[in-house]
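Structure, as structure tokens:
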């Protein structure tokens, strides 16, 4: 379907993800011209065989038309980079945004670049720091032509068919999904699918984490809980007498169970290092995709209580529910007539 | 329907609720024998006209059969009090549990007391510290006979028909609900309805509190939010430039709005005292009924996402999601290959 | 603070809300020029003393400058009406949008009208069909000048201080909130607060509805539940033997209880008419404000699990979770190896 | 650590799970005596080499002491089977409950059997219909002695170390978790961990299903949505113009992505068969473990909003929110003064 001829690609942004993409591409015979705001990052990859470019101008100059420039920069600086690139590129060139941009920005950007004859491809990239070895799952949006032209690059970056057993009931031949990359639709469709992917990731992570917390606290009956008018005593302390090794639970779930997943693999690994997770404070960031997924669900009229709950759980972990909680305490103080935390009246 | 003849009642537990019940009863001509573990609490009410009893034995002795003994003690000590009372009371006497017991305990206790010929009435009591003046809403369970016999007491404690406008479409004549007390069904039914009442209260409180927090943070666009790979920038800061007076919002909602309620009244009062709620730390207790309401919903197969969320919000306010959050951080560290809170890789 | 001199006001949109606003205004001595797409609606109010206008042109003509035109039209037609009005009005005139517009549209519209010297006031209006008698709670945004000039109108429409007891701790003198209307901030602030008000309303309604459903189904133990590999038997059927009169519960909660509220009043009224609610199908609409409230919460980073859950509950009531449920069934079929609903394997 | 000597095991319950366990055990050299209420099921496995037993008496007779009897029967009939077995077994025998019993029943049953000198082992078994080939993940509770004695059986049933890559950070040597089975603690601990496992499964399934629904409905802007006072128009229809192939998305997520999991594998398989899932009605059962997981979370004071939401989503899929929705409609009718679904007043 697609030629596997090596291509030349410009990479802007040599953070962990960008640098590893370059390495994976070069291993497979592609030629990379690399740029970063940090010259040392450029030099490091030069040492591994990449062509260095210490400015966007130099990058564009060293690429043969029609050029392909992959942006792997934080979402907040994509627009600025595009603004500068648009004056340097030529009609027929293609920009790929491989970061975590909002898909609505893709729609707008694709239109703006099209006015200059420049193609724009949005490419959601999943795989984290493990992608160099495992390959990255790619969710792609944009015009069919440029997406097809980039197929050799996508094929190299993606994990490949061998990375998972074939889906037994799949009868469709062709299609790139079994290879680990998918052209999802027009501009924005790639980042849309990647956005929802991350929403799903939030939900799956939360399900695992909540479950392990419930197992961790199966010892609740071993510690006395104060019984006062504010707090009901644990009704069945004898049912919560288990001191279960959470790390071993994560390990055993890796094999044969319905919840087996890469996230459980990672959890088992983290718990093998730090069985009580004392290395972590528990302030959990969220980086946009989870929020946008919930916004999309609401606008589409699709109930998404699980993904929403996983997002709010992250907000709570960062103390963002504080004012809400203060209002609750204030109300309780009003109808109970007592100070917070002190034994109080019934409601 | 019921005689309004003054009755004699024994009250065990002279905390705020118990003492105010006694006062409200005495104002209306009922005679009260009062007992508490703290002799000073007994003496204080003696000074207001009650008959003192410094032990349960003395209480029972001073009550004329068939006796009515109202327990207004923490849920955790009801059983112990009953165990001691059962040896002192006689067939035909009635015990009323006016606290926040679990309705399943009522079922069990009613059976146990019935073996001694003693009646048991469970009475959920809502009204908080305001009940002395406003009256208390009473949700009652037990055998019809003893409940009817206590009608004069319930009528006095309840707010009375004048406390709210008549329900326009109500055609049913009779029934005590418009008076503010209701015999809900057999043993446990009173505390069941009170339990759910408190679950509803949790949900309503949370709805108000979340709403005010959203209004409070309508100024989010005024402060810069760091944009890095971990945190998406606020997409429309110009849409969050409002510095709204939350206290005045609560006040205006008290009049003519759909959310008008006693809880909004209380919120307005709390905000009038402490506009930023700096007096509160935001650790919100939960005292059993909310939990039991959710347990009942799950067992009955009734979806209760709102009440459940309001319960978990209280758990979160007390930091009980910590282990869950640590697991999330640990997973993110694994696939992002970076320390918590530091700028990181995409997923 | 403000003069109570009668004013002249133009009203566009004579649906139930618009017509009742006109009636309430005229009762208090204000003069109203009224317009609607339905001439009969105009004539009906003419019969009650309003000045008729069968076109926007006629409306503007019959108003004395500086004009005040109140729009009470569906959110979807506000923009079209404004587009036509802007060519008819003069600098110094004011348009009030009293409907349920999205506050972001207010910001944009106020800017657009300002270019023509026309003022724009957004006014969230709560009160439903009862507002004619009770008065309406008004949440107002816009420039201080025009808002102050309209004070006599707002005072008439709002319920007035007598409509609720004074807030005991309120020491602030002045302020219009106790009168039932509030200038919340610049353009959009009124609809922002009204939007969140409706989000709170969704949450409160859901809390009450869930609670009554749990009480309604307290009889779950009376009906046999099939026990198969798919469905666990109800573990304690004897704990769910109550047949509780839900209508009487709503009625009793109206007096003295913590959940006392206008929404409980309305619920009691609805249940008095239709005790099993057989008149209703249970497809619950949502009209924008609840959605926007959740969007605002997410963007502000404020956890709002309760309000979100109440929104999704409405989506579910309309069957919008169907595809999600089908995916779940499909997964269960895969790992259980059995058709939907048939007795199946364990997972 | 444990001998791999073949053992003799009695299996009661030859449904899909029980029969496949027997097959997997026999393949590995263990001898099985098999019983079921359906004689044909017994005969079928006799044909594959098992020793038939057409009654519990016969089963016990054909087992050599100390016997090991594995129950693989629906949760609802475990107690009855145990009641009959206890009279047949001898001190030193062991019963394994491999089904989905409630862990609290395990605690009680283990005590009851201990009075007869009979050991009781609870064993949560995950793997579904795929377990015959993949092996089953086993979560085990009970006394150390009997659990260790059964090690050869557990080793055969479990997937084995080769079924997943080693956990990189795991330094602990020994332990059976990498083999796919784990002694989690005393009686009930196995079913406790399996219960939570299924709760996690509910949450993960829901996250995936919600995500795919959001992708499925990314075409929301292509169909007109009625704009009336009840329903806000979709604010950005141009942002929801994607017709994305959900089946291909599930397929691509199988490779290299963070959400890669057996559940995504199964989803891809189901979608390969039925791309629109028209074969499914979307009524999703729940079989006890999800409910119990939430109950445990609430009693332990661990927030579990995600798992709870996934449970309620299943309830909603079966129409169990109907009364709640009717109450909401009734309230809306009251304050809006209009019939359900008709265009209505603002709130």
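The chains carry the letters A, B, C and D, assigned in the order they are written, with residues numbered from 1 in each.
The working rule: a contact is a pair of C-beta atoms (placed from the backbone, for glycine too) under 8 Å apart; a residue touches a chain by one contact, two chains touch by 3 or more.
Just so it is clear, the model here is predicted, and its values are computed rather than measured.
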Interface copy of C-D among A-B, B-D or A-C, judged by whether over half of the contact pairs recur: A-B
Between A-B and B-C, the pair with more C-beta contacts: B-C
Copies chain B and chain D - rotation angle from C-alpha fit, nearest 5 degrees: 180
From chain B, the most remote chain by mean C-alpha position: A
Centroid distance [mean C-alpha coordinates] between chain D and chain B, Å: 37
Whole-Å separation of chain centres (CA-atom averages), chain B against chain C: 28
Chain A and chain B: spacing of chain centres that average the CA atoms, whole Å: 43
Residues of chain B touching at least two other chains: 126, 128, 198, 201, 206, 208, 210, 213, 217, 235, 258, 262-263, 269-270, 291, 299, 301-305, 308-309, 312-313, 316, 321, 323-324, 335, 347
Contact set on chain C toward chain B in their complex: 103-104, 107, 126-128, 131, 134-139, 158-161, 163-165, 167-172, 175-182, 184-186, 188-189, 192-193, 196-204, 206-208, 210-211, 213-215, 217-218, 220, 234-236, 238-245, 248-249, 251-265, 268-270, 272-273, 293, 296-297, 299-310, 312-313, 316
Contacting residues of chain D [partner chain C, same complex]: 15-17, 74-76, 99-100, 102, 125-126, 128-130, 198, 201, 205-206, 208-210, 212-213, 216-217, 227-233, 235, 262-263, 266-267, 269-271, 274, 277, 279-288, 291, 305, 309, 313-314, 316-317, 321-337, 340-341, 343-347
Chain C-touching residues of chain A, taken from the complex the two chains share: 258, 291, 294-295, 298-299, 301-305, 308-309, 311-312, 315-316, 318, 320-321, 323-324, 335, 347
